[in-house]
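The following pair of complexes shares a single chain, chain A, combined with chain B in the former and chain C in the latter.
Take a look at the complex of A and B:
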C-alpha cells in the first residue's frame, strides 16, 4: 500500500528563493526512504514540508490517501526527530515523551504504559526522571527517538539526527535506528548529507541536487547504475573517477592521444566514469593507460592511490585507484592500469543523462 | 583568578569591610536613633549607641500611628505599599510577557513597528508624562484607588525587551517540536515558554518589586485619602510637619521598616535572581 505521496511538490520561500522546483515521490508502507544530497540542496525543506513546518507552495502531499497540504503538523500523524534533538529542557525524560500524548488528551494510565514500553525498548527506563541536561549526547538522541515512537505515528521524519554524535556512536545509533524501524514497520523519511549513512539505512534513496531529485532507487541501483554524473560522484567513497571525453567511431577519447576503443552509436561530448575500486593494476603491454602517482593513502585493509593520467603532454585527468591490502608504490612513479569495460559509466555531457 | 597571597586576601577583605561599614553606617545610625526619645535630638548631636525608648517607639509607629501628622499606623501603609508594589510587579511581568510573546512568535503586520513603539516608551517614564497621565486617571475616576496607583505604571518597555531577548534565544527546533506535539499557542506559552523564562521572571520580579515599592511621586500625586497612603511617600510627609519639632525617632523607625520588604525580597530570591541575570539553561 502506498503510504505517502508527494506529487509535483515545490517550494518557493517568501523571499523568492526557489528551493525546490518539483519533486515526485511515492513511498510504500513501512519503507525507509533516505533523502541525501550536499548541504543546501533542499533536503530539510522537503522534509519540513512533509512535517507541515513549511507550507507547500505547489503540488500536493497525501498521507494514506488524504490531502495534507492545509493540515497542522499535529494533525498529520507524523513524528519528527531533530538534529539538535529539541528536547524540552525543563521537562524530565518522562514528560518529554509524554507531552505529545498529554496534548492529545490521552488517559494518564495509557500514557504511563506507552512511555514505559518505549523506554524499555530504548533502554531509557533508568533515566526517566532525569532532565535532558543530565544526559549524554547518545542518550538525548534516544529520548528524541522515544518521543517520536510513543506517538505511534504513520510516518517518522528524521532530519540529520546523528550529525551531532561522535563517529563511533553514530555507527551504533545507525544500526539501532534501522533495527527499530524494521521492528516497528513505520514508514520513514530520513535526511542526511552522509552517503554512507544513506546507503546503509535506505530501502530507497532520493538523491537531491539543487532541489531536484536526480535519482530515486535502491542503494545498489544507485551504485551500479547512477543516472547522472552528480549521483555517480555522490554515491560511493572515494567517489567515482569522472573524465570529460569525446565519443567517436574509434571509441572514447580521454585525451588527444589516449583512446579507449568502444563501438557505441552515440557521438559527441560525454563524461566517462569508473569507480576507484574497479581499476586494475596490470603490466605495460595490456594496460589501458598509465597513472603518474602523486599520493598514497595506506589504510591497512585498503590503499588509495591518487595520481594523474600520464599523457605525452604531461599530466592529464586526476584519478583515484583503490586497491585492497597494503601497497607501497613510490610517489612519482608510473602505475599501469586497466579499466574493465563492464564497469564503465557513460553520461551525455549535455543532458547529463546516462547513456 | 585564584591567587594565594595572604596580604592580598587581607587587603581585599579590608576593602570590602570598609565598603560595608560605609554603606551600613547610616542604617546603623537610623537604628540607634529610633531607640532614643524624640527629645534626644533637640540638643544637636546624634547619639551613637542604643537608647531605651526603642520598644515604645517601634510599637507606636508600627501599630498605632506613624506620628508627625500621619495618623495611620505603619503596618497599614506597608500593606498599601505591598499591594501597589505587587500590583505593579505582576502587572508589568504579565503584560510584557504577553507583548514579547506576540512580537517574537506571531507574524502580524507592522510587527517591528509595534516593537519599536514599545521600545520608544522607554523615553517616557511616569515623571515625564505625569500631567497627562494624572488627567486620564482623574477622568477615569481612579484617584484614591489601588487601580489608579498601579495601572499607569504597569506598561514596561524594559521588561518587554528583556523577555524578547529571552524568547529569541529559544531554539526554533524547540518551537517546532512543540507544534508537532500538538501544543497550541496557549499550551506552548504555559508549558514551554513560562518554565523556560522562570529565572528571568524571578530576576525581573526583584527589580520590579523594588521599583514598585519605592514609587514616590505618583502615589503622592493621586492619593489624598489616608486609606491609600503608601509608606515611602508618607516618610516625606512626616518630614514636612510645620508645627513643632520633628520626631526623628519615629521617622527613623518608619524608614527602617520601609526598607525591610525590599531587603527580604532580595535575600529570598537571591539565588534565582543571580541565575536569571547570568545564565540561561536553554
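Take a look at the complex of A and C:
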C-alpha cells in the first residue's frame, strides 16, 4: 500500500528563489527512503515540507491518501528527529517523551505505559529522570528517537540525525536505527549528506541535486546504473572516475591520442565513467592506458592510487584506482591499467542522461 | 585571558580615572553617610553631636518609615511586573514580525536613552489634570484624573513613568533570550501537538527563566534606587507620602527636612539592602541554568 505520495511538490520562497522545482515520489508502507545530496540541494527543505514546517508552494502531499498541504504539523501524524535532537532542555527524559502524548490528551496511565515500553526498547529506563544535559550524545540521540517512537506515528522523519555523533557511534546508531525501523515497520523518510549512511540504510534512495530528484532507486540500482554523472559521482567512495570524451565510429576518444574501441550508435560529446574499484592492473601490451601516479593512500585493506592518464602532452584526466590489499608503487611511476567494458558508464554530455 | 604589562605603573594609570570617580562619587559619600548616621547635626551644619544608634532607633520606630517601605515595595513590584510583562509581550511580537523588524526594535529601545527627569516631565505633562492629553481623555471617559489629590493615581503615574523607561532594557534582554531559544525546539513542540500558546508557556517561557530572574532583580534594584528622577519630576513624593519611596525619603528628609543624621541612617539601611540584593543577584546568576 502506498503510504506517502509527493506529487509535483515544489517550493518557491517569497524572495522568488526556486528551492525545489518539482519532485515526484511515492513511498510504500514500511519503506525506508533516504534523501541524499550535497548541502543546499533541498533535501532538508523537502523533509520539512513533509513535516509541515515549511509550506508547500506547488503540488500535493498525501499521507494515506489524505491531502496534507494545509494541515498543521501536529495533524499529519508524523514524528521527526532533528539534527540537534531538539530535546526540551528543562524537561526530564520522561517528560520529553511524554510531552506529545500529554498534548494529545492521553490518559496518564497510558502515557506511563507507552513511555516505559519505548524506554525499555531503547535502553533508556535508567535515564528517565535525567535532564538532557546529563546525557551523552548517543543517549540524547536515543531519547530523540524515543520521543518519535512513543507516538507511534504513520511516518518517521529524520533530519541528519547522526551528524553530531563521532564516527564510531554513528556506525552503531546507524545499525540500531535500521533494526528499529524494521521492527516497527514505520514508513521512514531520512535525510543525510553522507552517502555511506544513505547506501546502508535505504530501501530506496532519492538523490537530490539543486532541488531536483536526479534518480530514485535501490542503493544497488544507483551504484550499478547511475542515471546521471551527478549520481555516478555522488554514490560510491571514492567517487567514480568521469572523463569528458567524444564518441565516434572508432570508439570513445578520451583524448586526442587515446581511444577505447566501442561500437555504439550514439555520436558526439559524452561523459565516460568507470569506478575506481573496476580498474585493473595490467601490463604494457594489454593495457588500455597508463596512469602517472601522483599519490598513494594506503588504508591497509585497500590502496587508493591517485594519478593522471598519461598522454603525449602530459596533461591527462585525473583518475583514482582502488586496489584491494597493500600496494606500494612509486610516485611518478607509470601504472598500466585496463578498464573492462562491462563496467563502463556512458552519459550524454548534453542531456546528462545515461546512454 | 591574562594580559601582562611590562611595567607595574601603566595598569594603575589606566585604572586611575575610574578609581577616582568611584572614590569621589561613591566611596567618600558612602563613608560620609556612615559617619553622619551616628551624629545629630544642626540645620545649618555648624555643629554636630555624637548620638550613637539614636538615628536608627528613631527610624525604626517611625510609622512613616514603614509606610515608605510599603510604598517602595508596592512601587517596585508594580514596576518590575508591569515592565517585564509588557516587555515580554513586545519581545514576543518583535520576534515574530519579519518586515521592518529593525525599525520596531530600534523604536522600542529609544525610551532607554531618555534621561529619567525628562521621562518624568514627559509623563507629568501627558497626565497633567488641567492640560495633559491623557488626563483630559480620561476625564472625557468619566475618570477624574488628578494625581495631585489622589495618592493611588499618583502611584499609577510614577509606575507608568518608571516602567516606560525600563521597558526597553527588559525588551532587549527578552528579545535576546527569545532569539536564543533554538527554532527546532519550537518545531519539535509543534509536531508534538502543542498549540502556539502552549508552546510558549511550556517551552519558551521556562527556557527564558534565567533571563526572567535576572530581569526581576535588575528591575527591583532599578525601582528601588534609580527612580528618584522620575518621582521628583512627577509627584515629588506626594500627595502626602503616597509616592515617597525609601530613596525619595532620604532626599526629602535630608535636603528638605534638613534632618541630615536621620537621612544618613536611612542611606545606611538602603546600602545594606542594595548589598543584599547584589549578593542575591550574583548568587543566582552564577547558578544560572546552562542549556546545551
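Assume the second predicted complex is superposed on the first by the 355 of 355 C-alpha atoms of A that agree within 3 Å, B and C clash if a C-alpha of one lies under 4 Å from a C-alpha of the other, contacts with A are read in each partner's own complex, and residues count from 1 in each chain.
The definition used in the following text is that a residue touches a chain if its C-beta (ideal position, glycine included) is under 8 Å from a C-beta of that chain, and two chains touch if they have at least 3 such contacts.
Note that the structure is predicted; figures quoted are calculated from it, not measured.
In the three-chain model built by superposing on chain A, chain B clashes with chain C.
Contacts of A:79 after superposition on the shared chain: both chain B and chain C are touched. Looking at the shared chain after the overlay, A:51 reaches both chain B and chain C.
Contacts of A:136 after superposition: neither chain B nor chain C is touched. Looking at the shared chain after the overlay, A:286 reaches neither chain B nor chain C. Once chain A of one complex is fitted onto chain A of the other, the partner contacts of A:248 are absent, as it touches neither chain B nor chain C.
Look at A:257: by the touch rule set out above, it reaches neither chain B nor chain C. Shared interface residues of chain A (contacting chain B in one complex, chain C in the other): 51-53, 72-74, 78-80, 82-84, 86, 88-90, 99-100, 103-104, 133, 147. Contact residues of chain A toward chain C in the complex are 51-53, 72-74, 78-80, 82-84, 86, 88-90, 99-100, 103-104, 133, 147, 151. Against chain A, in their complex, chain C makes its touches with residues 182, 184-185, 187-194, 198, 202-203, 206-207, 209, 289-292. Considering their complex, residues 171, 173-174, 176-183, 187, 191-192, 195-196, 198, 281-282 of chain B touch chain A. Against chain B, the residues of chain A that register as touching in their complex are 51-53, 72-74, 78-80, 82-84, 86-91, 99-100, 103-104, 133, 147.
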